[in-house]
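Just so it is clear, A, B, C, D and E label the chains in written order, and each chain counts residues from 1 on its own.
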Amino acid sequence: MDIATAAGVVIAIVLILASIVLGGGNLMAFLDPASVMVVVGGAIAATLISFPLQNFLSVFGVSMKVLMWKVEKPAALIEQLVALAETARKEGLLALEGRLGEIENDFVKLGVQMAVDGTRPEVMEDILRTEIDAVATRHRDGKALLDCMGRFAPAFGMIGTLMGLIIMLGDMSDPSKIGAGMAVALLTTLYGAVASNVVFLPFAEKLGYTNKQELLAMDIVVRGVMAIQAGENPRVIEQKLNTFIPPKLRAKQAEEAAP
Amino acid sequence: MDIATAAGVVIAIVLILASIVLGGGNLMAFLDPASVMVVVGGAIAATLISFPLQNFLSVFGVSMKVLMWKVEKPAALIEQLVALAETARKEGLLALEGRLGEIENDFVKLGVQMAVDGTRPEVMEDILRTEIDAVATRHRDGKALLDCMGRFAPAFGMIGTLMGLIIMLGDMSDPSKIGAGMAVALLTTLYGAVASNVVFLPFAEKLGYTNKQELLAMDIVVRGVMAIQAGENPRVIEQKLNTFIPPKLRAKQAEEAAP
Amino acid sequence: MDIATAAGVVIAIVLILASIVLGGGNLMAFLDPASVMVVVGGAIAATLISFPLQNFLSVFGVSMKVLMWKVEKPAALIEQLVALAETARKEGLLALEGRLGEIENDFVKLGVQMAVDGTRPEVMEDILRTEIDAVATRHRDGKALLDCMGRFAPAFGMIGTLMGLIIMLGDMSDPSKIGAGMAVALLTTLYGAVASNVVFLPFAEKLGYTNKQELLAMDIVVRGVMAIQAGENPRVIEQKLNTFIPPKLRAKQAEEAAP
Amino acid sequence: MDIATAAGVVIAIVLILASIVLGGGNLMAFLDPASVMVVVGGAIAATLISFPLQNFLSVFGVSMKVLMWKVEKPAALIEQLVALAETARKEGLLALEGRLGEIENDFVKLGVQMAVDGTRPEVMEDILRTEIDAVATRHRDGKALLDCMGRFAPAFGMIGTLMGLIIMLGDMSDPSKIGAGMAVALLTTLYGAVASNVVFLPFAEKLGYTNKQELLAMDIVVRGVMAIQAGENPRVIEQKLNTFIPPKLRAKQAEEAAP
Amino acid sequence: MDIATAAGVVIAIVLILASIVLGGGNLMAFLDPASVMVVVGGAIAATLISFPLQNFLSVFGVSMKVLMWKVEKPAALIEQLVALAETARKEGLLALEGRLGEIENDFVKLGVQMAVDGTRPEVMEDILRTEIDAVATRHRDGKALLDCMGRFAPAFGMIGTLMGLIIMLGDMSDPSKIGAGMAVALLTTLYGAVASNVVFLPFAEKLGYTNKQELLAMDIVVRGVMAIQAGENPRVIEQKLNTFIPPKLRAKQAEEAAP
């Protein structure tokens, strides 16, 4: 799991709880199931209206997978592709079949499998690019959905506070209860702000970032696999793929590769 | 009907009503026809000024049709187009006339009819593309109108609250009525927030999403019908159209299609 | 006059007045010339600083003309252009001179006049396109100015309320006057919200919409007039121009036109 | 000086002062040097951090020059360029040297000087275009800086109000001072709103507008000077340059120019 | 160090402290470690969730380096490149090796080193462009991160204030403590506004600006080094590179360079 995500969530929660205790507050007074229901339930309901059910259900899976999955470092990926290219060059494309088991990355595996099967290059690139588009669309939809929840959560927080205030203002016979009523009314605004700023918006931001990294990695794989199938020189493949990443991150310097 | 939309609307309403009752509020106190009038009427009036009457009237129809109409799955559409291509290949273009009755999708029907009538390809593509543009414009205008209502509803909620506050502040002779006056004043802000976040904004969002799906489906139809008219090989048509959708959603794998 | 614009303005005003009366308010208490002065005057002053005087003065004319002028239906325009093309085809370009009197649309008249005068095609298209650009610029500037007023009006509403609150807070010797002071202070915020949401923003929105329609119509005219001058077949002209509008709105179906 | 800018600033100030007096306020109570210091000083400090010192210092000069300088009317500019072209045509390029003294516009002078000096066309166009880019960059940077101040001023207004409220709330021993304390606290928000809406945002808007006009004028000059150097026919030059401006604003109609 | 950045930060802090003292406030009352913790800690936590740990850690270094590093003036850079070109022209490319020690700019050094090593032009341009992309990505990521903190800081300021208000409202048994409780509650909003408007947003703005300047300088270096390797005439190189900067900033006028 990405350590920063975990650390961020833990730090935010600890900070909020600590600051309530330090401020002399009672943690229990900050827990109100009906308020949680309005804010989280309302944001979910509005999101259900905004997106097809299938997108809504898949976003949790996509988010979790993307947030926890460590995107493969481009340099490692290039090293692996170059190793496969060397095998293909020395022992022929079919020799790659024996190495399929070593490949962990599903997308590399799909590409190599098709190369081994003798799929025509145009068809192969077509299938790989369509797969990239599908991943990009899934991530974009996931980010849009999280951004939406990040906007709806504070809105339902405000709706909850307005309802609480109207109830409180409608019955002010006992002035001593006004403070408590307002405190409860403000809880939904607090929940909406926390849900939006600790969960939805940061997760949407990281999903967008991880997406860019994954698409870059997939693009490198497509170019690498196509070059392997075309039987290109492993050195040339390495040099070509290395132009996608900054010199410092490269496994081997391009200069050495240049004759 | 799209189950998520229905579920979302029902959940949102139940949540809001339940939270009023749980919060000790009186549901009747939350109902004020004059406030509904200001918020909904005001948002409608501002939208009437912003758009031509015709757009305003058509948005309800368009929204309902789009929200309730289940967009045809691209895979099913491709399967149908391939079947039609097989018929045309084996029995000739004119044989498609006998199958027009089976076609439910109006856009496929329009295209096949023109192919049967021997309309020239350029004219045919022209007419189909113009139809796509018309659908895209209608949906874009519909989304713009709903987004507009989503912005005007909270604005008129605030206008209503300001009017309520001014009336209340102008006559504070009876302090016991201040709370009730403020409660009523806040109702319009609540109505505006609910109308915007439960109805207008989520509906606009889904209209935008459905629009993208429908345009993709229509694009597949145009390419399929044009290929049928040109007498292309059904296998090639299938492979071509499948590049528009991710491998997992394809009816038949492109690999099998490749010889 | 566009019925929706008029209806919207009337409905909004009636709704606001009715809701004041229904809420038990005194209409006179909502009228404060000094507040109107700050909000409307301030928005006008800020807009005067933002734009050249000439743009400011012309926006009223442009808005009125555009809002009240019914944009010619593209279908009627195409029918007229095709009729002119038929005359030119049968009786020669010069015969169009006799029909100039029947043409109401100034832009069509300008084009036909130049065709009759034997203006070279490049010069003619150049002049017509420059005219379109000038209309587009005028409308874009007009929309920008109205959008600006829609942003400045609430800002000066807030400025007025802040001034009212500061005056009220500075002299709280008579507590019974606090309510009235605050009521007056809030009036400017109310005025700013109403001016922005009932007038400036909806008018800017419609100006943008009408602009798109007018530019489409002008584009059709340019293509039609150029084709007439080139002596093209009226049927071909009709078919070409019809591709700009959805099939349902076409005067005659393109299919019939196709031989 | 542009009359609208001056009028707007004067009207806004008079309106604000008048509305304070009409509202029964004491003008002196609205003057608080410490509040001016926080809002204006804070906005300047934040802008100093955001931009290089040089940009900050030049913005006043640029703004003043642009706001007060009447952009030359394109029609007058074209007329002058055509007159220069006639001289060059009749008496040769070198004859333009004698007319350099009459040219007020520095950019026209730079172009004509280079034409007289026999600078090669590519070098000449290069230098003139680089000058246009430099002007565009200077104006864009100036507008960005004013927009920034327009955002920072209200932010520091809110910071000042928060500080005032915290001071006031920290010492409520004398309830009679609460109103006065809050009034002073609100002053910074008022200052921020006025500075932003009367000065920074409108000036940024006009700078953007004037920039577009000036770039259009400079573009006309480049094309005109290049055509003069190339020895083109003055009539053709006029016709070419006129396509940049709407027919109504042209000095002479293009039709007359057409043979 | 960039004098404007330092001056801006010092001015902002002095202004805020001075205005507290002038307003009769107690500086100590404005210091609350728990509030600092919620706002700064919360903004950091949310940013940790939003970005990979590595980006978060590098942003401080990048910001500091960029904010304090005086971007080399393009004119000085061009002068240096022309001097190197003269050496290469007179004494051959290899003679540049002896001058490597004089070059301070790492990017120029990298380019010249490769030219001396006889790296092929395509490979050389490729490596230099990839380096530029890496710098641009690093700065863009840094700016995005600072912008994010600029949005999260006020959000956690509001979260802190809501928690403070709820604690205060929950225990109003001692009315004399209400003011103090509210004062503490408002502190987090103040901290959030100050952190965002004095640190995060202005630093993000300047990072964006410096980035543009640095990329322009790097672009000039690439073109210069490539031209040196190609053995172009130093005068021609100078003239070519000078087109990137406005005439006033050029070391020598292009006119002089033109024969």
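Just so it is clear, contacts are C-beta pairs under 8 Å (C-beta built on N, C-alpha and C of every residue); 3 or more make two chains touch, one makes a residue touch a chain.
No experiment lies behind these values; they were computed from the predicted model shown.
Q: Touching both chain B and chain D: give me those chains, sorted by label.
A: C
Q: Rounding to the nearest 5 degrees, give the angle of the rotation that lays the CA atoms of chain A over those of chain E.
A: An angle of 70 degrees brings one copy onto the other.
Q: So the centre of each chain is just the mean of its C-alpha atoms; given that, what is the distance between chain B and chain C in Å?
A: 27
Q: In whole angstrom, what separates the CA-based centres of chain A and chain D?
A: 44
Q: Hey, which residues of chain B end up touching chain A in the complex?
A: 2-5, 7-9, 11-12, 15-16, 18-20, 22-26, 29-30, 176, 179-180, 182-183, 186-187, 189-190, 193-194, 196-198, 201-203, 205-206, 209, 239, 243-248, 254-255, 258
Q: Per the contact definition, I'd like the list of chain E residues that touch chain A in the complex.
A: So the residues of chain E touching chain A come out as 34-35, 37-38, 41-42, 44-53, 56, 114, 117, 119-120, 123, 126-127, 130-131, 133-134, 137, 148, 152, 155-156, 158-160, 162-167, 169-172, 184.
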